[in-house]
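Working notes, beginning with the structure itself.
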Amino acid sequence: MSKLTHKSSKMAGLDPGTLVHIGEASALEPVITAIAFSETYYHAKPILKVEECFTSGKGGIVRWINVDGIHQLDLIEKLGSYFHLHPLTLEDIVNTEQRPKLDDYEDYIFVVLKMFQFDDLTYQLRSEQVSLIFRPDLVISFQERMSDVFNPVRERLRNGKGKLRKQGSDYLAYGLIDAVVDHYFVVLEKLGERIEVLQEELVANPNKRTLQEIHKLKRDMIHLRRSIWPLREVLNIMLREDSPLIQEYTVLYLRDAYDHTVQVIDTIESFREMLSGMVDVYLSSMSNRMSEIVKVLTIISTIFMPLTFISSIYGMNFDWMPELKWTWGYPLVLAFMGGIAGSMLAWFHRKKWL
Amino acid sequence: MSKLTHKSSKMAGLDPGTLVHIGEASALEPVITAIAFSETYYHAKPILKVEECFTSGKGGIVRWINVDGIHQLDLIEKLGSYFHLHPLTLEDIVNTEQRPKLDDYEDYIFVVLKMFQFDDLTYQLRSEQVSLIFRPDLVISFQERMSDVFNPVRERLRNGKGKLRKQGSDYLAYGLIDAVVDHYFVVLEKLGERIEVLQEELVANPNKRTLQEIHKLKRDMIHLRRSIWPLREVLNIMLREDSPLIQEYTVLYLRDAYDHTVQVIDTIESFREMLSGMVDVYLSSMSNRMSEIVKVLTIISTIFMPLTFISSIYGMNFDWMPELKWTWGYPLVLAFMGGIAGSMLAWFHRKKWL
Amino acid sequence: MSKLTHKSSKMAGLDPGTLVHIGEASALEPVITAIAFSETYYHAKPILKVEECFTSGKGGIVRWINVDGIHQLDLIEKLGSYFHLHPLTLEDIVNTEQRPKLDDYEDYIFVVLKMFQFDDLTYQLRSEQVSLIFRPDLVISFQERMSDVFNPVRERLRNGKGKLRKQGSDYLAYGLIDAVVDHYFVVLEKLGERIEVLQEELVANPNKRTLQEIHKLKRDMIHLRRSIWPLREVLNIMLREDSPLIQEYTVLYLRDAYDHTVQVIDTIESFREMLSGMVDVYLSSMSNRMSEIVKVLTIISTIFMPLTFISSIYGMNFDWMPELKWTWGYPLVLAFMGGIAGSMLAWFHRKKWL
Amino acid sequence: MSKLTHKSSKMAGLDPGTLVHIGEASALEPVITAIAFSETYYHAKPILKVEECFTSGKGGIVRWINVDGIHQLDLIEKLGSYFHLHPLTLEDIVNTEQRPKLDDYEDYIFVVLKMFQFDDLTYQLRSEQVSLIFRPDLVISFQERMSDVFNPVRERLRNGKGKLRKQGSDYLAYGLIDAVVDHYFVVLEKLGERIEVLQEELVANPNKRTLQEIHKLKRDMIHLRRSIWPLREVLNIMLREDSPLIQEYTVLYLRDAYDHTVQVIDTIESFREMLSGMVDVYLSSMSNRMSEIVKVLTIISTIFMPLTFISSIYGMNFDWMPELKWTWGYPLVLAFMGGIAGSMLAWFHRKKWL
Amino acid sequence: MSKLTHKSSKMAGLDPGTLVHIGEASALEPVITAIAFSETYYHAKPILKVEECFTSGKGGIVRWINVDGIHQLDLIEKLGSYFHLHPLTLEDIVNTEQRPKLDDYEDYIFVVLKMFQFDDLTYQLRSEQVSLIFRPDLVISFQERMSDVFNPVRERLRNGKGKLRKQGSDYLAYGLIDAVVDHYFVVLEKLGERIEVLQEELVANPNKRTLQEIHKLKRDMIHLRRSIWPLREVLNIMLREDSPLIQEYTVLYLRDAYDHTVQVIDTIESFREMLSGMVDVYLSSMSNRMSEIVKVLTIISTIFMPLTFISSIYGMNFDWMPELKWTWGYPLVLAFMGGIAGSMLAWFHRKKWL
């Protein structure tokens, strides 16, 4: 099955808004956690049934429902009807092939973005889709798998430090987006280290596998750019849009996240250009090695062909070959051969082939 | 005949609006089917004569006329005059070299798009032009050949499930466009599988044919992009345009189709970059193989040239060659040769040529 | 003389508006024909003196003056003063290095476009500049040489079939532009056939000349794109511009011509990408051939070097070489040699070099 | 010293508006000439002191001060204070690293553009900065060196032919810009001829020097494009800007100059693509030559290795080698060898290696 | 640790606005200097405690606080609270991975830009982040390390020459930006000289290290472009923005700085294209050298293989080989061999291989 398009063809022909899970199947049960907080109040609990979610955010209380695991369609549907989400929103949440985007459904804003993990051992880049929904008193976040990217946000909420508890749902949504964007730097740093390892390998001992690794990283870069580039546009829309759901206070911070995203894209572009340069270096080192091999061949041939020719002359069986009778014939020929070999070597030395 | 421009030169010099069928000729009779439906009503019938088409859509009844086969120009002309279509619309329907586009003729909207089939056996990508016309109570769709891409839409209409029966002609038109776009994912999945097969072939046993296949796929990608890119613009116009023919309800769904189209284009771009990378890998594997061949040549020459030289020395016929008289001369020379060969092999081993 | 810039340097230092013919000189006398027509009236005549042109278009009569040959500057000047054309218009008509453009001189619109011919025998692409001037009752067209591209338009005018006779000068101007654009398809079809011939040659017997032909076609594509790309802009201006010289009726048809132009540019881009792919295929087939040659060399050397070494051993003149005395020595050595050659061939076979 | 950035670092740290001459030093004294003219009046004189410049342009008299040589900073400063020019204008005049640009200082317009000379003998492309200042009754032009590019303008002014004497300072400024743009065609023609010479050399006898020349021309093209591209923008601003300094009459002519500039840029782009194609052809001809060399090696080895092997067999000293006793042994072996050589040649011939 | 992304991952998960120093650690104590000046007044002093900064700018006095060293976060925080700076401003000051940008915080404008140093000995390009804050009576500048780029500005302030003392804080901020931009020319000149050295090396003695150096410079160019390109946008915003913090007088000078930045970017692009060309030249010189080596091999083989074959013929031991009995056999064979060698050499000479 093609990795790049897996299972999106399952949707073909279905009624739009029909939920189809597109992504890796998971045997794990989805985990839902709910946090309700205000500047002075904090309460967190695991949710086993959808109905247990806090009913309504009164008195400035903001609720954050986090769902880890999107493969149980009935759960997603229940959440959708409980929180009055549009069927297309649900369809997008469970289709992990989405590009990052922002859809403004008037009573809530729906944001899709991509999270990445780079495995240090297998050098695999894994992507995961994160969906966010926010309205004045509620943020719902969906992840494909459990991860620790949102932990610092939870920590800050619990401690009551920082600005999270003092601001509304839009600032929490910003906080989650910011956590994802900050995590891009972690991934890029690992990728950068991997590139440096390959760069050293390229100088020390370039081989076929090196090239394959470089091409793999190039594909990873294409994948990253494809997934992060649209996020820039999403944040730009959030910055410019005059939505009552986004307070002016948050806009400054969104501009900061926008700047970070542009920085990430810049770094990806730099990495791509470096990888292209590395392909060039690989090819030229291959051609250098070839040149080296041919040089050895040429040196050997150039030295031994004339020598073998000379010795084959004195292996001829002519009756009249006076040199053969000379006492000093043999040593003289050997000396002559030595002279030829020596001058050849000198010539190679002057040509810098040796 | 050039595949890329076939027969469009037939039009040269004709009065604009003159119908000329440009595309593959077909011996099959065109098939027309008509469906009339409302939320509570459903009637489908095959049409043998144009006049049999449902006369008028009264009481919220929407008619959908589907035409499979556009090569009988008189039929197209009759349909055109029956439904009062502009001559340029008819000219565009029968000219299958159109780019996807949207023309707003005020009393109806005319949309051209491309459908694709990828043949698993011959690895041929076939394209087909689909034309859609819709006005408040009527949708007319034209296909070059019969295909099963619209079947799920028909099915949903008959079942009365989903939203199709409840909404107007614009939603039906959206449904047909959505069916075509969904089918792109099917084609892309097959192409992705083909790319993966070639990628494995590239590692295992790259040959001339592999390169030809890669280039063929690259051409297919160019063709796909050329045909799908403008669809993005078409959907964008439908989204933005303030036409009375498109209800607000449908706009949300069109945005969804727009997102899918962008996703398709993204995937095509990724495939193109992967194929370019595969050409690089092919070329470097060719050069590796060459290097391998030359290495064998060099190793053989480097070992046997000195050896042959030594034996040719003792084949010389000088009268005075004392070594020839020694009892141990022959074994000593053989041992010396063995030593040379051994040290050569050791050197090659250290150089990692072996 | 450089083909790409021929003679435009002749203009350097002259007063702007001074007529300088830039293009191929021609010994032929320019030919002027005039047609006056309305829905019910048609009269065509050759013009020998400028004054013979129909004086004024009364009663809905539209005049079309066609000039084949622009190298007689005094004739162009006479026409210019007779029809009150701006000096810069005349300068542009006789300078065949113009890019396609539209200049709105308020009382008339001046359009420059390019026509192409592809010679099937010499595979030469020839371009020709066509200039059009139209005001409400008059169209003047200038061609560099006589050609049959406008013949279908003349034919339709004479027959009175189609819409040409019923509409004004703007529709006639559109008709002429459409004839030129339609002719692009004819040229592209021929170029496409040429590309296919080269593609087959590339598979069957690639040689230096093939590469030169591909590069020539690439240059032709650059030339075509350079000449047709601006036409897209010209038609776009005509579509959007709210000029009283262009009636609303014609706008729909101009949109059609615009679509065709975009289609032409698309095809040119596809051809360019195909030609680039063909250069890749050529280079890789060259490298394949080289690889083939080196393989033969390596096989021959690898088989005969060890064999020659063995026979040279038994050509040594040591007194004590017991094998030489054996009765079966010679056949044994021959058999041993055969064994080596055989195992080499087997090894090559396993390596797929044979 | 780097040619591309020469001496601009001299400016680092200076107060903006401080005059620093950046460009080639010149030992020649700057030459100033002044022309005062109206439709009926013409007076030209050389200027030795700045104060001698015509004091004021009364009665429709337009003054044109031309300065050849900008390396005497005190002279430029004197001119600046005499004509009330802004310090930044003066700084730009003497810094020859400027990009073409237009600065509107309200009471005058300041235009910088680039002039080129191509030396036919050394194939060097030299650029020179031309600065123009114009206000209603005054045009001041600055050149780095004396050149004859403005001579046709002077000639037309003296003769009183053409429109120059009848129009104001803006038309004179246009005339000077037009002279510079027209001169681009002269330079492009020479470059085009050079390209054609190299193209022929590439077919007849490609060598290392050819490649260097192609790269030099490519660099020249980059330089030209870098210098002419912004001029397009300058002319566009002049066309669109609603400045009282530019009369409507002149706008039509500026549009003409704009068209010419676009044509120049088009030609530069074509030349660049041609040069890129030539590099491809060079590389493939190099690889062809290599292939040729290796082919000779392979043919020689393939013919002589088997032959030498056979003769070495009959050079073995086995006691029992019956062929050696045959009377026809020697001729038979020679014939056999001839047969092998012949069939090898036949095989090469069939493979088209010969 | 990856150079391109060093330590930005430290920020992941922190509350936005938390100060994290990202950049090279430094053991040096930050140095703060303060200058207060008006047209008639000048006072400079080193600052040891933040509270010593001049309290308020009364009577047209402008204060400039310059901070060299940003790694002591408590110092930055103290400055921030003393001058009422937004937490995000402080976060950006200490994060040296910023792209150049302008943030308008209404009561002050915050500008980030990049400064470069090119080390002549190690050929290392070092970048440093410069942050500027200005409000009507105050400019604060932050540098990573002490450098002498701002010295000329200090000098001009002390001397009271030039316009700096007469204008407000916006002109001082412009002056600092201009000093940074002027310094780009110094760096580009050094890079240009390095490129010329490599160009000569490429002609004289191209080797692996040359290619590595070229790729290093290419990476430097990417880095430079990435850091300077956004500055163009920053200056454009300052030019267009109708902020009360930027006086009209300064706008003209900002336009000048904008022009210089565009010039810098142009030069960087030229350098990039030159370096790409140099890679081509390197590869073709490598392939030339390979060709040279193979040519030597072919010449040697082509001469000695036939000769060795001939001598091996007369080394055969056939009983009946009449030539062996001839008195002149040996000299004749030698002469024949000489003839073959001579004609081979002549053939090579004609082929221009020698």
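Note that the chains are named A, B, C, D and E in the order they appear, and that numbering of residues resets to 1 at the start of each chain.
Basically, contacts are C-beta pairs under 8 Å (C-beta built on N, C-alpha and C of every residue); 3 or more make two chains touch, one makes a residue touch a chain.
In this text the structure is predicted, and so the values were computed from the model without any measurement.
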Copies chain A and chain D - rotation angle from C-alpha fit, nearest 5 degrees: 145
Length of the line joining the C-alpha centres of chain B and chain E, rounded to whole Å: 43
Cα-centroid distance, chain C relative to chain D, in whole angstrom: 27
Touching two or more other chains - residues of chain E: 287, 290, 294, 297, 301, 305, 308, 312, 315-317, 321
Graph class of chain-chain contacts, one of line, ring, star, complete, other: ring
Chain order around the ring, beginning at chain A and proceeding next to chain E: A, E, D, C, B
Residues of chain B touching chain C in the complex: 1-6, 8-9, 11-18, 86, 88, 91-92, 97-99, 101, 103, 208, 211-212, 215, 218-219, 222-223, 226, 279, 282-283, 286-287, 289-290, 293-294, 296-297, 300-301, 304-305, 307-308, 311-312, 314-317, 321, 323-327, 329-330, 333-334
Residue ranges of chain B touching chain A (in the complex, touch as defined): 151-153, 156, 161-164, 175, 178-179, 182-183, 185-186, 188-189, 191-193, 195-196, 252-253, 255-256, 259, 262-263, 266-267, 269-271, 273-274, 277, 280-281, 284-285, 287-288, 290-291, 294-295, 297-298, 301-302, 305-306, 308-309, 312-313, 315-321, 353
